[in-house]
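Listed below are the structures to be examined.
Both complexes shown next keep chain A, but they swap its partner, so chain B is in the first and chain C is in the second.
What follows is the complex of A and B.
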């Protein structure tokens, strides 16, 4: 049987092969990617879901790090399935959208390597291979970010600086752990950490947390995300925001639940029966979601709005799972799935819209509903999910998170989350109105075609998935329960069938909700179709306009006006005027200043000083060797 | 209960809400008229208006979503209504309230607004979209005290089921949540007035500034549907507050008595205060009602 280690290799090899073979036969790139997608999906789905299997490469690494080992359990399979499916949908998007671009060759190279490295992250069973694939993900996605960026230098630099800083925080922690455990294997590391002194455990946890929080774009480490999500290659952004950010979620769960253990952290220090570290991170998550939501509303660029929304939604996941309760983690996992589905759907659709219209701002779009009905429906499904409204899957996952916060008595966190959750309605409406409703901002919008057919392959299943998970909210429960059990927690849910979701304080029947909705809608529709005369079709300019007659030139699209009120709400306005980047820029300035002062003192171009350094170094070496 | 009776019961559900809601709106116009020292229109005026609109032959449509918008709105509101028990006891007029909980109801309440917002969006009147935007912005303010209040309720009764919350308030006025958790009730009251469209918080449909807000472009059968929905939605919110804070009602007479008290409170507020701007409304909601609610929450956590 082909083990997880080989599954990782398939996309990576396919990517490299596609690059070189593609030089000769161009369609080989698509062909190899398709082959790799199918192989990965097949192998990932064939792997038993909750069986614990481990494999290891027999060759020894230098410095006795041990062998690279890989394995699978329920949590791994959970994320692997997520990765495999997003890989599939994004591949189809790319087939349609990347084909005429001049970075056609490098796109497939790096895209496949990213997919392979994500699988590597979830399948690895020791810190060494985890880190290798983590870095591989960062670097290969870096090229996909700068490939099509308007401002590659700034975007790329911010992206790489933050992610590398996160990765090196992790690396530092890994060496601490290795010094104590003498091994990089997860289970051995876990035993070693259990014996470590408290301060060291805290130190290691914080360093690891930084690495994962950067990936999840939690404030104040989110600075890279809006630019990177906005400017990365359009067809890749869905994968970037939907799936890459979930690696932070996976790493966080892996580290805090299995390696350190929430119980261990709770023993060190706890607030309200939650580990202090977790509690602080939970607040970071919810603060992230509040500010990111407000910022999303005032954006004019479509992808930037989605980028901020993505930061906000991942904030919910951070909050839910960092509390370390079974239900919280279940809620985090549930929302991770839903957020992946929603963001894939929205980013893929938006990529299609940008491809067809060549415009990426709300102030330039509008009234595309008649031209792109399927995409309208896709975005409608997406925003109903994002807003967390029944009857779609987004509600189920949000419901679990709310219940977990209620059950663990974190009411203030819940109130703060509600602020962001209700404000989200505004950006959801802006998204659908700005692109599809209202009036066209320019006449050429009325001639565009529906998004390419390859995109339907992604849109339709994703829409169906949102609907099915809303209709049968219990469908995911067994899988989430198994994944949560793999992290050492007991059952989180009370529900036993797929129609209902019930946990903690309540429950709801998604099947009833969608049926009631459907029946009422059909009744009203029949009533209005059969018993009323047909409506008179109006021209778009036949509107009430305060006793004036609008012409074709009148700017009637309210697109980017949505959210203008927000600036006038005292507290929100104040928060929108401030940027964390200002802080980082000030910080960079200071560092620059100190460095230049140091440079003037230490490296002033005087040969005698350099001679002195050489002598001092020699003396130091001799002293050190002489002991 | 036999299946036939159950089906009849379910069919009666929205109609009870419609008739009571429309009558209340008529009564409202009457009482406000008296406050203004006029006679006001007959109590049945709103029902007459709606039936007149349903019989209109012509209506203009701006497209598919414009056509479907009001229908999605009524679907969302009626679905939400089915998850709010009109009567306690679980025998008559409880809809599907055992299949859902308070959080579901809270989110379903927004679904209707989404439908309307989509319709308005295709309608193409900037004033309508402005109204929707203001409504959604106002919602950021309104939902906070409301959510704090229901969190206090859910924490206090340790359940999210509306039926159970009602049950636990049985046995006399002193058991009602409005007296047991007075601060939470007061906080929720502000949200309630806002959600009912009472005057300091009625910016989305402000006729002087933005024509009529979201309803601007809708006429004939569409306006009829929207007006009926407004009646049903008003009744839904009244019933929800009676269920949550006043122990529900065992029969329709008690329900009408209790909802009427709540409704009068809305009328008094609406006829006294003038309109807030949207940012003032949000700011107000985040200050006093939220503060009251947070105090209630702290008291609940300490207990």
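What follows is the complex of A and C.
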């Protein structure tokens, strides 16, 4: 049987082969990627969902590593399916959008390697293989970030510094537990941590948390994310924000729930029946979502808005998970799925829009609804999900998160989260208005075509998924329950059929909700069609102006102005003007300063001084050790 | 085949080196080919003896005087392993040189390179401390000449600095050896090791300190390495590759052999730990602000040496295994980096960031090789640098050096910054128009291809190397077996 270890190798080998074969036959790149996508999807789905299987695999690695072990359980399968499907959709997007670019060859190389390393992360069963694939994800995604970046220097360096530093924080913690456990296997490490003194457990937890929070772009470690999401290659961004960030979620759950155990952390110190570490991270998550939401509203670049929105949404997941309750984790997993679907859908659509129009700012777009009806619908579905409104999937997941906060009596967290989700309406509105409604900013927008047909392959299933999960919110329940059970928690839900989602504090029937809303929608639609005559087709300059005639250059689209007023709100305005980036820039300046001083003083180019160093070192050794 | 002895690895290159000026009369290129063939011979001889020595160390007696009286070669797993590494790297660099050097100095070039490789091989193979000193001198003096061979300002200046600091090293080494000889009346390494405790402790301490600094200069330990960046920048790229792959390794060998086998002074081994971490931090920080890529690589090389010194300083068998592994990886990676930058710099007309802008689009293959090697140096899986770095850090974790691990990882982040900056400059800047694309000679590309396969292959299949590394590490850690093999009846001739 083909085990998880081989599934990992498929995309990686396909990527490498695609690079070299593609030099000879260009379509080989797409062909091999497609083959790998199909193989991965088939194998991932064929693997039994909640069976615990483990494999070990020896690359003839040194004895110290032992052999790398891989395996699968419900949590792993849950994330593996997420990865496989995103891989599929993004591959189709890339087929349409990357084909004319000059980085056609390297894109498929790195994209496939990233996909393989994500699978590696979830299938690994020891810290060493986890770290190996984590690092592979870091470097391969780096190249995808700078591939098409406008400002590769800043974006790339910030990305790599934060992610490598996060990975090394994790590595330090790994060595710490390795020293205690003498092994890197997850189960042995867990046993060793249970016996560790409290301070060490805290130290290890914080270091691991840093690694995962960087990946999830939680404040104050989020600095790399807006730039990287915005500037990465368009067709990859959906994978980047939708799926790569979920590796932080996976790692967080894996580490805090199975390796250390929330109960263990709670025993060390707790606030309101939540482990202190978890409580602090929960607040970080919710603060992240508030600030990122406000930031999202004022953006003019489409992808940057989505980037901040992504940071905010992952913030909800962080908050829900770090409570360490069954319901919280279930909510986090549920929202992880929904967020992946929404962000894939939105980023893929936006990538298509940018591809067709060549414009990536709200101030340059507008009124595309007639030209791109499918994309309009896709964004509409996406923002309904993002806003967490019924009848689509986003509602169910957010509802579970709210319930978990209520049940654990974290009312302030709940209030803060509601503030951020309400403010999210604004950017959702801006997203759809700025691109599809209002007046076109330039005449050539009226000439564009619908996004390429390959993108429909991604858009339509994702839209359907959002609808189906809204209609049948109980559909995901068994899978989430199994994943939560794999983490050692009791069942979070008490739903029995797929129409309803119910847990401790109540439930709702998604099927009824969507039917009622559907009926209302149809009634309104009929009413409008009957009583309001069809609007007249106008030229974009047919507009009433006070005593002046607009020209082709006059900006007519005011959709991009949404959010400007936020700057005038006292506290919000102040928060928007401050950037944590300044702090990091200062820090980098200091390091650079030290480096310059070291370089100029120590390596000053004077041979006699170099001789002096040798003599002084000798003297120092004799003085200090000679006694 | 009693005539086929490891001593040929020293004798043949020495003989050919002196023959090269004469060969120049036959054909202009004869010297260069002779160099390559000799190094190939050295490599093959090394690999022929490697499995044999792994089973049983070889003691080669010269001129019939049995140790401890005569000069003998002590060929133990660690030394033959390094001899193989040195001759292999030397051979690859020499292939690169065959087409690279078109000036009229090529005979000198070939001769000096042979001497450097011969000297380094001598250092690792010899069983006599004075002999080791002589080989070190041969290596150093040829290195000074090689540094300044281009006769430009940078090269000559670097050569002078190298000479100044190198002379201190020789002086201290000689003093240290004299002190030991004064006390014990012997120069044989095994004999000194055997009777080291008989020395007056104060004199012994002084001797070890002298030798520590002397070898420290050769192995580029901070703060004794200030000359090194100048040399890496000033010397021609293949020479820089040779230095970081060959001569430093010989210096490190001398340091390890002396501290572990001969003196067994735990204080000095602990001192290596401190100096190693200092070397890593200072070098990586200094590299951050470099504008010249070759100089930056020099600093980065020092940083890697720091990691090796740190690993040696941990002093456990695991760490030693990681350190020896890092010897190999550092040699492979740095040689790749210097050679590829050498090619690119020749095409671009200089090795500063400004010169190399967008060069990756012009020469995707060579720049890609540079990129892979850079990822390897930074320790990204699945490349070779990752495996040895992990082994070293795991050994450090086992001995609870968590703070030092954190310092080294912090320095690695800085390393990431400057390497990725170079990659970004190479691949993301617009393609330069001033450079006309010329194909590189195939012989210069062959070593790069071999090295890239080594980088990936060692990373994936490091398990095949492990028995050798284990043998070498055991050889370093068990001084009593070394002494027994070299002095007693245990070790045999061929």
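By our rule, the second predicted complex is superposed on the first by the 553 of 627 C-alpha atoms of A that agree within 3 Å, B and C clash if a C-alpha of one lies under 4 Å from a C-alpha of the other, contacts with A are read in each partner's own complex, and residues count from 1 in each chain.
Following the convention adopted for this analysis, contacts are C-beta pairs under 8 Å (C-beta built on N, C-alpha and C of every residue); 3 or more make two chains touch, one makes a residue touch a chain.
Predicted model only: the values in this text are computed from it and were never measured.
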{"item": "First, second, both or neither for A:136, with chain B first and chain C second", "value": "second"}
{"item": "Which superposed partner A:429 touches (first chain B, second chain C, both, neither)", "value": "first"}
{"item": "Partner chain(s) touched by A:419 [first = chain B, second = chain C, both, neither]", "value": "first"}
{"item": "First, second, both or neither for A:178, with chain B first and chain C second", "value": "second"}
{"item": "First (chain B), second (chain C), both or neither touched by A:153", "value": "second"}
{"item": "Which of chain B and chain C A:517 touches, first, second, both or neither", "value": "first"}
{"item": "Shared chain A surface residues [contacts with chain B and with chain C]", "value": "none"}
{"item": "Residue ranges of chain C in contact with chain A within the complex", "value": "160-161, 164-165, 168-169, 172, 202, 205-206, 209-210, 212-213, 216-217, 223-224, 226-227, 229-230, 267, 271, 282, 285-286, 288-290, 318, 321, 325, 375, 380-382, 386-387, 390-391, 393-398, 400, 402, 405-406, 409-410, 412-414, 416-417, 420-421, 424, 427-428, 460-464, 466, 469"}
{"item": "Complex contact set, residues of chain A against chain C", "value": "58-65, 128, 131-133, 135-136, 138-139, 142, 146, 149, 152-153, 156-157, 160-161, 164-165, 168, 171-172, 175-176, 178-179, 591-592, 594-596, 598-599, 602-603, 605, 607-611, 613-618, 621-622, 625-626"}
{"item": "Residue ranges of chain A in contact with chain B within the complex", "value": "369-370, 380, 384, 387-390, 395, 399, 402-403, 406, 409, 411-412, 414-415, 418-419, 422-423, 425-426, 429, 432-433, 436-439, 500, 505-509, 512-513, 516-517, 520-521, 524-525, 528, 532-533, 535-538, 540, 542-546, 556, 558, 561-563, 565-566, 568-572"}
{"item": "For the chain B and chain A complex, residues of the former touching the latter", "value": "57-65, 67, 71-72, 74-76, 78-79, 82-83, 96, 99-104, 107-108, 110-111, 114, 117-118, 121-127, 129-130, 132-134, 136-137, 139-140, 143-144, 147-148, 151, 154-155, 158-161, 211, 216-217, 221, 225, 277-279, 282-283, 286, 294, 297, 300-301"}
